[in-house]
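There are two complexes below, and they share subunit A, which is joined by subunit B in the first and by subunit C in the second.
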Partner chain A sequence: MSANAISPAGPSMWQSLIRNEIAVAFAAVLGALIVGLLLIVMIGVPLSDAIGAFLDGAVGSGYAIAASINRAAVFAAVGLGFIFANQANLTNVGGEGQIAMGGIAAAAVALKTPVADLPVGLAFMVPMLAAVIAGAVWGGICGVLKVKVGTNEVISSLLLTFIGIWLLYWSVQSTDLLRQPMTNTATLPETLEIPDATKLPALLDVAGPLNIGLVFVVFLAVIIQLALHQGVLGLRLRAAGLNELASRRAGIPYDRYVVLAMAVAGGFGGFAGAIMLQGDQYVLKDGFTSGYGFDGLVVGLLARGSSIGVVLGALFFGFLRSGGINMEMTAQVPSAVVVIIQGLVIIAIAASGYWLSRNEGKR
Partner chain B sequence: MAVAEIAGPAPETESRHAPAGSMLVLECVAKRFGRVQALSDISLNIKSGAVHCLLGENGAGKSTLCNLVFGVHQPDAGTMLFDGKPHAPQGPADALRAGIAMVHQHFSLVPDMTVTENVLLGRTRGLLDRKAWAARIQTLSDEYGLAVDPSALVGDLSVGERQRIEIIKCMIENPRLIILDEPTAVLLPEEIAKLMSVCRSLAARGCAIVLVTHKLAEIKQVADTVTVLRQGRTVATSAEPAKDIQRLVSAMVQRDLASLDVALAGTLGVSEDAAEADDGIREPSLPRGQEAMQLDALTVRDASGVLRVDEVTLTVDRGEIVGVAGVEGNGQTEIGLVLAGLLKPTSGRVFVGGTEATSKSPREITAMGVGIVPEDRHALACISSMSLAENMCLNRLDSFCRFGLLLRGQMEREAAALMTQFDVRADGPRTPFSSLSGGNQQKAVLARELTTDRLLFLLAAQPTRGLDVGAVEAVYKSIGKTCEAGVGVLLISSELDELIAVAHRIVVLYRGRIIGERRALPKFRHDIGMLMAGQQP
Partner chain C sequence: MTLEQFAVFVGSSLRLATPLLFGATGEIVSEKAGVLNMSVEGMMLTAAFGGAYGSLVSGSAAVGLVIGIVSVVPVALLQAFLSNTLRVNQIVSGIGINILALGATTLAYREIFGARSSQLVDGFSTWVPPLLGQIPVIGRPIFEQVWIFYLAVALFVLVALGLKYTALGLALRAVGVDPKAANHAGISVTLVRYGAVTFAGLCSALGGVFISLGNIHTFTEGMTSGAGYLAITAVIFGNWRVWRMVGACLLFGAATALQFQLSPLGIEVPTAFLIMLPYVLAFVAVTGLVGRQTPPAALTLPFHAGK
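Here is the complex of A and B:
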């Protein structure tokens, strides 16, 4: 209304701006960040310190950038799995548990089998494959439960997350499982470091620890984009998700598609666990999953079915996380504030999506 | 804003528009929903003590008009006078207070409660005096011949009886105007007759009755005045409907009756003489004996063990249309689901072209040459938020696929060709399915099912429900052509006239059993009606 009143040229410019999704999302994120900064001012941390620490942690060095991108690759992996299942109207919230299962499987294979002796490529790919299978089983269980007994996949994937996390805890606590040999009372409850041959190769030597996880993720993003939006598979998944009976009537094996969608989502979670273990952490310990499954879920949610959206969102959250961690460590901004800012960003993006669709409806 | 316009008509116009005996006067009423002008420039005069029929096809604006009077929506322009006073209800509660009641198409009754409890729901506070309410209901029931037992459990009652409870719920408010929105759609022939006499007795006591319908027989029986709506406008009125039937129908469908398909005219009820004339002529196009589909003692129990289909044995020959008559909920849905491969029968077998098809997957059944036009289009036949092309090709995506990628262009060309062949009107193959009219949606579903490879048998359940005359005609033509090409058709419908007009023979389904069979001739209408009610003629 007010835009109308200001000038006759107002409405069209205004409308073209609000139709531009990227502009709206950008404005929303900016708004959320400003609120976050106000919050930092309110708790008494000098703004320049906080911003400096944030930038330093996110993009301050080759190492920082590489760490951010590695993190982003994990979020993107979980997010891609999320949008795959979401194409069939399934919501996989079990990324965290699938990461745990992937981590356990990759660590077990890397430490307990002689894969390190395999030729270079296979040495890291076999544990990775084990992780994908473990995650796929974890996700697939939700699909089977849904088609056999009608359990909602949100509930089953969330509950399986708890089981996965406690299995991880158990396997790093028990020397019968994956815990390193106890040499003295100070031996930490974690695994040995995985053999060097099973670690992910670095992508660029110069830029610090950047690993080839990124390459995998970009490749998978292209595949997922094609499969969901250009492929017959994507159309069938969508049909199954929109109308079970009509899709079955049209010859689509609904049950198999539900299990497949959840297994693929879980497989991506397991893959994320593998790149976390083999590309970054190298030892499995309690807290290994770091909440990345939930960050990946948010990335997938905000991407609204687009692979490009997943990659962009993952990069954004990757840098935000890295900056936030540094802000906490060097500028003494409480981690709670960092989490709040992240939450504000999520709400802002989600709200901008709602706002856009509402305006779309009005036109 | 709209309220302000209609709230204050000048006193002198008020008296002019409310002549003696007028109960409800509408003057130049208009209503728009988004881009659709649902009603424009409607003027009506509904008199007390009369039955006023609103006639029109689906989407003509009948329901919108009722909803304006009953306060569900507010008009954009125009004035309404009720009993000489300005009428601008902001909600149904206002309308009820003013003395207007409405019987909706869908009932709002609690099946686990008695009639009395259903009636007193929301009408009483504090202590319940069931006896007093039961007595009031009994009085009303006797007065108007409604034959409702106040202590009966609603779940045990027939659809007709349930409707009469809804009428009692209206009458208990002592209304002066009663709106009945398509009340006969779900009723048996004998129940329709009963409802018509109830309408007459209500009118005789000074009520004004608005009866929304698209059935001409009812108009002949009961109407004092008829208004025909078409595309939101009044296109004809008559104070002597019995004499004007032909003119009213022409106005409703906007074409010359002579050009109507015989079957269609039979369904509309305008050419019963013609239908009588071809008595015995209609025969299957192929000699008997080549079976398209056979049900052998098919039995279905639902999850709670209730018998839904009870040993149904039925053969449909190639080139034959077998009609299934019966009130909805007597097993038709379950038979349809079994034939579609979506429901496993408890026992019994299904054959298609002599090959067993029991418990095969939907994909295998389609491959055997079975097309299904289900009664619930939105649940079974289509995915509304996908495009027209996607919906039309969903069951044969493999032919539009290379290396896993979808050949969208090819799929859209195929859809466009089907659209031309079956006269599906839409902006293009990419249009969202949900934006199509009901008729075009149904034509699209038919197009897909009729072009099933090696089609041998077609199940069409309520294929014309909710469609306008043009679409009904197109559907009949397609089904007829398919049948002539040697496909066996099982036509399930709750409209007896439709079955008599289209089918070769009719079986009647009652409580999951086939309780009788007749040739599809108008002279058997009475027999079939009795069978539908579960009585042997």
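Here is the complex of A and C:
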């Protein structure tokens, strides 16, 4: 408060730059990338080789671009759910488990019901819907616990993540559940491939595997942006998150909004699981979730409540992951470098909130 | 099940509970002071690597232990700095650190161990306590443990008593319940919390070194595989009470040990169910079905002096 009195001159360029959240996110990412490059130099791989392999894997071909974008769509779905719940000051760290539940539900419906016989559109929509519901239940439970017994949603969603991951493991280990029939001892612990009719249609034939998950995600990004920033829903969620008592006095059904926020976040996680299964992997197996729930959480954090931020962050991480995988395969750069970059980005962005809020206080 | 089989089961439950007990002992100190230290997993993994590395280059597990502990200090200070000084969301900083530790240890392992990846390093020796070890049939299977198991027990007892009966323990709990009042009473909230997180780091380090040098005698990528999260889970399941927390660690250790014990006995329980069991139990605990959860009042809330 007194800072202005001490320095009556307007905010310096530095201050206005750091106040700009996009600039902060950019600086954090850039700093982490520089560390990544230094690590590559330290392990003795020529930078040109590493960068070449990275670009090849990320954008080097139609196939690479499509794979990166498919991955980005998954991150974006989880991230959009995250910012929706975060509007009500709720932190959903359960994306990974919600993806698992979505994957289980979509696989179960696609494989165990005659859904493949439905008309073309419905054949893939029904499993997807089942996944959304499964994820929404998984997230919604955390909301219910929060309002009924006061359980911190971070703790409950984290525990449910572990439960979800092991449920997935269980369901692909047991032939009574989703595991493919055991024809010999070498039968892998995974499901059969889902029927063709339940796979997501390709968006463009020429671009390789690009599926319509992207279209859904862009549509959802617009919806979330409008819901959070244009209408009464966003305001009410924010009010509920800021002050439970005050929002109740103002006639906002606090309980309902908390459950809604967590259920929506979970539903987006379930949806992410559906597009991973139906758009890309086609079989459910151990390790299906691939850490994408945590990547999506990071994307949601980076975005600071903006849908556009989620989409940009998701694209960044989508390309980063694809490039990293190729660096490991062709340039012998361990993809752990990419993991390190991710960790640094999370820490840097989270830490930058301190300076952002301090500068806001000075304004 | 014969008595001897049962004794073997108890012994392996204790062994599997040890890293959890180390981690949870540190975590409860941190949480009692109001910091939800989510980076136990990353701290354990760092120390597991540091310990294996130290043992590899020196040929001595004792040196490994020292290096494992030292390697966690910067991680703990980073966590303390983020959560206390920068007041970062404690969950987020913890997850960030865990991801960073996973990446860093994996990279360092590939670079340093490289071709020697399957080489065993010097590990801790086992110790049979007098008297207890001489109990016929069950003595040795239960009590013959790597010596730092007994360190875990001693550390836990010290912490349990220290929290309850010492001025430091009182100050720590005060900071976690009402930091403002503690501050007025002249306790430095920031200092206590830095100390608590650092202590949690040291305990986690012992747990991590136990995993790499106490059992497997080498490092593998991501070898803690959730032990840190289980330690946090034990604190939650224990409802922030030390003795219930120990019970949780033993229960989780036993659930893991069962995976190896049931099949030979011809009992078919899905492995996934046993692995999942600790999380399910903890989840049931936080739903309030077994009594209301009472975390420290200021848990996860950063302290803002002068506000």
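Everything that follows uses one rule, which is that the second predicted complex is superposed on the first by the 316 of 363 C-alpha atoms of A that agree within 3 Å, B and C clash if a C-alpha of one lies under 4 Å from a C-alpha of the other, contacts with A are read in each partner's own complex, and residues count from 1 in each chain.
Following the convention adopted for this analysis, a residue touches a chain if its C-beta (ideal position, glycine included) is under 8 Å from a C-beta of that chain, and two chains touch if they have at least 3 such contacts.
All values reported here derive from a predicted model rather than from experimental measurement.
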| item | value |
| --- | --- |
| Subunit A as common anchor, with subunit B and subunit C clashing or fitting | fit |
| Partner chain(s) touched by A:86 [first = subunit B, second = subunit C, both, neither] | neither |
| Touch count on subunit A, higher of subunit B and subunit C | C |
| Contacts of A:198 with subunit B and subunit C, given as first, second, both or neither | neither |
| Which superposed partner A:307 touches (first subunit B, second subunit C, both, neither) | neither |
| Touching partner for A:68 - first (subunit B), second (subunit C), both, neither | neither |
| Inter-chain angle, subunit B to subunit C through the CA centre of subunit A, in degrees rounded to a multiple of 10 | 70 |
| First (subunit B), second (subunit C), both or neither touched by A:343 | second |
| Where subunit B and subunit C come nearest after superposition, their Cα distance in Å | 7 |
| Residue numbers on subunit A that touch subunit C, as the complex places them | 39, 43, 91, 93, 145, 148-152, 154-156, 158-160, 162-163, 166-167, 169-170, 173-174, 294, 297, 301, 334, 336-344, 346-347, 350-351, 353-354 |
| Subunit A contact footprint on subunit C (complex, rising order) | 78, 82, 86-89, 91-93, 95-104, 106-107, 110-111, 226, 229, 233, 236, 270-273, 275-276, 279-280, 282-283, 286-288, 292-293, 295, 300 |
| Residues of subunit A that touch subunit B when the two form their complex | 226-227, 230-236, 238-239, 242-243, 245-253 |
| Interface residues, subunit B side, partner subunit A - complex | 340-342, 361-363, 366, 372, 374, 379-383, 385-386, 390, 394-395, 397-398, 400-401, 404-406 |
